[in-house]
Amino acid sequence: MLMKTSTDTLAVDEQVPALQMPDAKTVLHANKVEKTYGNGTHALARMSLRIQRGDFVSLLGPSGCGKSTLLKMFAGLEEPSHGHIRWAGADTPAKSGLTSAMVFQEATLMPWATVAANVRLPLDLQKVPRVESDARVGKALAQVGLAKFGHAYPRELSGGMQMRTSIARALVTQPDVLLMDEPFGALDEFTRNRLDTDLRALWQSTGLTVVFVTHSIYEAVFLSSRVVMMAARPGRIVADVPLEETDRSEAYRLSPPFSEHCRTLSGLLMAASDTIDLH
Amino acid sequence: MQTLSDHHASTLNWLAPLIVGAVFLLLWQGLCTAWQVPVYLVPKPSDIARTLVTDGPSLLLALATTLKITVLAFTLATVLGVVAAFLFVQNRLIEASLFPYAILLQVTPVVAVAPLIIIWVKQPTLALVICATLVTVFPIISNTVLGLRSVNPGLLNLFKLNRASRWQTLVRLRIPSALPFFFGGMRISSGLALIGAVVAEFVAGTGGTGTGLAYEILQAGFQINIPRLFAALALISLTGVALFVSMDWLSRKALGHWHESAQGA
Amino acid sequence: QDKVTFLTSWYAQAEHGGFYQAVAAGIYKKHGLDVTIKMGGPQVNGMQLLTAGQADFIMGYDLQVLKSLEQGLPVTTVATSFQKDLQGLMTHENVNGLGDLKTKTILVSTSGRPTWWPWMKAKYGYAEAQARPYTFNLQPFFADPNTVQQAYPSSEPYQANKAGVKTKFFLFADEGYPPYGTTIVATTKLVAEKPDLVQRFVRASIEGWKAYLANPAAGNVLIKQDNPKMDDEQITFAIQRMKELKVFDGGDATKLGAGVMTDARWKQTYDFMVGAGLLKADTDWKKAYTTQFVKDLKVMP
Amino acid sequence: MQTLSDHHASTLNWLAPLIVGAVFLLLWQGLCTAWQVPVYLVPKPSDIARTLVTDGPSLLLALATTLKITVLAFTLATVLGVVAAFLFVQNRLIEASLFPYAILLQVTPVVAVAPLIIIWVKQPTLALVICATLVTVFPIISNTVLGLRSVNPGLLNLFKLNRASRWQTLVRLRIPSALPFFFGGMRISSGLALIGAVVAEFVAGTGGTGTGLAYEILQAGFQINIPRLFAALALISLTGVALFVSMDWLSRKALGHWHESAQGA
Amino acid sequence: MLMKTSTDTLAVDEQVPALQMPDAKTVLHANKVEKTYGNGTHALARMSLRIQRGDFVSLLGPSGCGKSTLLKMFAGLEEPSHGHIRWAGADTPAKSGLTSAMVFQEATLMPWATVAANVRLPLDLQKVPRVESDARVGKALAQVGLAKFGHAYPRELSGGMQMRTSIARALVTQPDVLLMDEPFGALDEFTRNRLDTDLRALWQSTGLTVVFVTHSIYEAVFLSSRVVMMAARPGRIVADVPLEETDRSEAYRLSPPFSEHCRTLSGLLMAASDTIDLH
């Protein structure tokens, strides 16, 4: 079996307090974090998760199990109610020297700016010269198939096109850590596969660390070096499955190990979902 | 709701108020004639129109003076109001400490403080501008603060994540988000600046310098030259409508391509 | 040449003519004064501007000076232009006297409430409920024949006349209303430190009045310059009324000379105010004026 | 931006302006004492406080009168403003025809129209309420119209699809969407109603019994009772701040659970 | 082969003008419609589509090909630039007497109302008595797994939970025509399969007509009686594939016909997508 259960993970953390033994390779470390929202919703139970430099971690789990919450805490956008998040051993993302980009679950575009201006935003904020930023924006837009829509406004785009704009905005910064919350969910399978392949290639050619929320088990298995399965109410990690590094060409999708992983994860997801009463 | 074509809609914008205005004026004229209302009580529109033509030049001169105060006060109020709103949104402490005093500006009647202002400010135009600004500034502060706070939380997260400075967040996120509210404030304040200028002149105009429309109204009142009084009032009203329409136009120009409130009409 | 600023009580009009005449005819200059006249207006509080040093002299009003004294303002009246206050009442034609108003609505301005209105109530027994606000606008008076209103003899009746409404006018002073009209008020400091300058200003102003009533042409030019809306017809009417009512040359002025003030008149004003509850009885009313500049003036009308 | 805890934030809301106010008053007192500014020019805060105590009852009585006008005018303006805004949003023709005349209400100086109102409206309180309402109504109309137009187009589609009547769309969609703007208008107008009441009294008088603060101010000015004048002004200002704070509280109550502008602070 | 090409569909329409031969079974009829948006985007080329009572039509196609546009035109929310839409032979949805509900691509919830109030909205608009509407809302919320969240506000929900609220709001009305724009895209596979099965059962037990936009070929094949494939720039129909009516239990997902259909549609989608330049 390829997975270790969450209980194992927790056990390791309890024994060796993270702060005493900083690990140069650890990029993100959620240390006994817990999240209860203002209205009393217990979104995440106390849990720990360590993400190494160069990991491609997919988060899978039923709707409402706290994937977005965890991602936002990694990004420093939500404070844990207990425990703390460390970025490459530092207190804040800024101190860690790591650059990060995030694709939110909603497209989150500025309605008053064109598609190109929306994508250029992170570069503008970093004061990248206009000549360079224009070139990078052009490239990113082409990558998501929106080369001809740079001058359009967000409300003139379809849902999938808005999401692609948001993806382009994350890619354009060439970050150290890429946090993606169901980025390809609103795309057709063909486009999605193309972008999957592109993302995988980008990850392989750079030292990029990716944390990727998805609902597609196939996508998770195709892309990741590690899949973390969560369960809901309260959100917690129920499995942490490392996947062996192999050549992930299109052929991989038809290979027996691929199906094997998918089946394992399907079972885990079903178990994790059992806590939700759909009827 | 708006099923009319764009072309029809814009014709409607012009025609409808004109028709209503014409009907109203005709009714007024008719009633005054029928009941033989003496001109010194309520003048007929024709009397007012005649006065507007004969006294036009001197009234327009007075209008120019009032308009100068109005524009200066409006500009000053916009600058001050926006700066104050920025400060308030940047710093919780500044806001908590000073916002109540911004309210004081609005609720302290100019009529009452004008005499004090004249004592301290020797330059009459400046004194008038200050009085009018007091009247004008609050809606801009209030609406702009409201706007700067009405930011999409997702976009705020995006900016935080990209380590945008406060300044960048202000310029690139809060200001664009605030524009609909800001223009709402401007639409209210443009009119207030005008009446602010008139009231300031009423209460603070130390004669001699006071050659604006308020002086015309006061004098026309003293001299029971009621058609002239109404003519001056008409000029003020028309100016107010013109100011409003230009603010509205500005707002549409600035927001038309993205905000709901500026579309359709 | 001493620089002097004089603040009037209202937009330039014939009632301020003496001062404008003194400027126009060079009378101030002759007395070594370089006088600037600033117009007052609604809401311009002369007393404050005087004590704040923005004017050296202002056109004053006895009741306000006494009230100021009560508040401890260092001001005093140095001369009066008119022996009678110009305040009065305008009525429709059917009224025969100030005692005839029991059933009328009386329009009283805000400044009238603590001045002549208590005097009138006390003297004729009118009820508070008869009073309605007067906002310097004649339409309510025109619209309702049962209304009477406060007025200046040279102003409202003229306007009513022009609008074709027949009116009568009654001057309060002729029925015993005590204060002087259009006085000259200065700070006690100026009086103490520069009595000579005050003396020169008083003399020149009174001479200005005399010259104005003799031939107002020069003064009128300045009046119309400051207040372009003032027309010749109204000025002529006003001068005529001032002459008829003998405001400048009547009363004590006939014997003692123009500009003169007497202790007896000031006592009457003080007594009226105390009686009407408008002033604290312990106010040192004698400080409200000084006769030192007018007693030897001897400008005979 | 708001890292302070809720508890700290609300203490700050009270404490900060009080401290600023206290510092300001102390400075004022100190400067007046140091420069020996005479009380009839600018009274010391202590003088004003003493007057507030000694003249308290009569001033509070006057305040009650002014407050009555204010509350009546504010209520009337809210009702009229909201109804007008509804009409404008329901029907393009009505809006095009009448909106320009709503602007007239704002830009025609009350100071100038008050005399006409007094002629036609014999009841003094009513005349004052009308004057004050004229001053108050426009920001409510303008902001409410803006709000009623700022509706999420997706939700508008949802209502259309469910064949919602105009009335249902108004009540269940446009009104809730408009609330942030509407309360913005109320915050501006609450203060305007107060100065409207004061100005109305200034220009139209209260006549007879039951005089308000404007009369007190005029009389105090006339009698050079400057501490009393300042005391009356202070009462007006405090009332204005109280009105604003209560509008703000109302706005938070109504919007707190969902709108960004009402959160955090 | 199971499909007929769009050219066939068009040809039929050209020969027999729809208005002369009303068809009692036609619920929705797009007659030579074309859509060009105000900014000049040619979203849909002239095309016709006839949907029969009781059809379960899935719309598949690359992102930005005009699926949402077409759905909005069916709902009467967008006017065609040319041609017209008829509802059961009538000019407007209201005149047709048909009731319809739509799940938009975005959740489109009222931020000021609770989840229960959002779901209750269509019933309130129809003036359904509160007792009845409360019961129906409770049932719909349970169906989408949000029974415990009736009192929450939309901003307190995860993305998937918001979308489920929106689905509940459509189900609660028991409409004649159900228009759904990627309703299950933001849900995990387990929840998605459950809802797929529920929707299919609902469709089978009632005379419901469904038009369903999805990016999942598997979902389309599992659910539909007919799949319409669109291509982009400008949007048009490239294939119209009827699927034989069989028992669609979970076992069907593993059957050869299922795989066969999926493979066919994959090929069609790839062909349809070729017009987008992703690089």
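Per-chain numbering from 1; labels A, B, C, D and E assigned in written order.
By definition in this document, contacts are C-beta pairs under 8 Å (C-beta built on N, C-alpha and C of every residue); 3 or more make two chains touch, one makes a residue touch a chain.
Computed from a predicted model, the values in this text were never measured in an experiment.
Participant: Touching both subunit A and subunit C: give me those chains, sorted by label.
Facilitator: B
Participant: Most C-beta contact pairs, which chains?
Facilitator: Highest contact count among chain pairs: B-D.
Participant: Name the chain whose C-alpha centroid is most distant from the C-alpha centroid of subunit E.
Facilitator: Looking at centroid distances, C is the chain farthest away.
Participant: Taking only the C-alpha atoms, how many degrees of rotation bring subunit A onto subunit E, rounded to the nearest 5?
Facilitator: That rotation is 180 degrees, given to the nearest 5.
Participant: What is the distance in Å between the mean C-alpha positions of subunit B and subunit C?
Facilitator: That pair's centroid distance is 39 Å.
Participant: Please report how many Å separate the Cα centroid of subunit C from that of subunit E, as a whole number.
Facilitator: Chain centres of subunit C and subunit E, defined by C-alpha means, are spaced 87 Å apart.
Participant: Quick one: report the Å distance separating subunit D from subunit E, using the average Cα coordinate of each chain.
Facilitator: Centre separation, subunit D to subunit E: 51 Å.
Participant: Residues of subunit B that touch two or more other chains: which are they?
Facilitator: 41, 111, 115, 119, 152, 202, 221, 259, in rising order.
Participant: Find every residue in subunit E that makes contact with two or more other chains and list them.
Facilitator: If we look for residues of subunit E contacting two or more partner chains, we find 106.
Participant: If I count partner chains per residue in subunit C, which residues reach a count of at least 2?
Facilitator: Expected reply: 45, 48, 52, 137, 139, 143.
Participant: Between which chains does touch occur?
Facilitator: After working through each pair, the chains in contact turn out to be A-B, A-E, B-C, B-D, C-D, D-E.
Participant: Can you name the residues of subunit A that touch subunit B in the complex?
Facilitator: 72, 75-77, 93-94, 100-102, 104, 106, 108, 110-113, 121-122, 124-126, 153, 155, 173
Participant: Under the touch definition given earlier, write down the residues of subunit E that touch subunit A in their complex.
Facilitator: 37, 39, 41, 60-64, 66-69, 105-106, 142-145, 147, 152, 156-161, 164, 181-182, 185-192, 194-195, 215-217, 266, 269-270, 273, 276-279
Participant: Inside the complex, what are the residues of subunit D that reach subunit C?
Facilitator: Listed in rising order, the residues are 38-41, 114-116, 118-119, 124, 203-209, 215, 218-219, 221-226.
Participant: Write out the stretch or stretches of subunit B touching subunit D in their complex.
Facilitator: 1-2, 4, 9, 12-13, 15-17, 19-21, 41-42, 89, 92-93, 95-101, 103-104, 106-113, 115, 119, 138-139, 142-143, 146, 149-153, 180-181, 184, 187-188, 191-192, 194-195, 198-199, 202, 214, 217, 221, 229, 232-233, 236-237, 239-241, 243-245, 259-261, 264-265
Participant: If we count contacts the way the header does, which residues on subunit C are in touch with subunit B in the complex?
Facilitator: Where subunit C meets subunit B, its residues are 10-12, 38-45, 48-49, 52, 54, 136-139, 142-143, 155, 159-160, 162-163, 226-229, 234.
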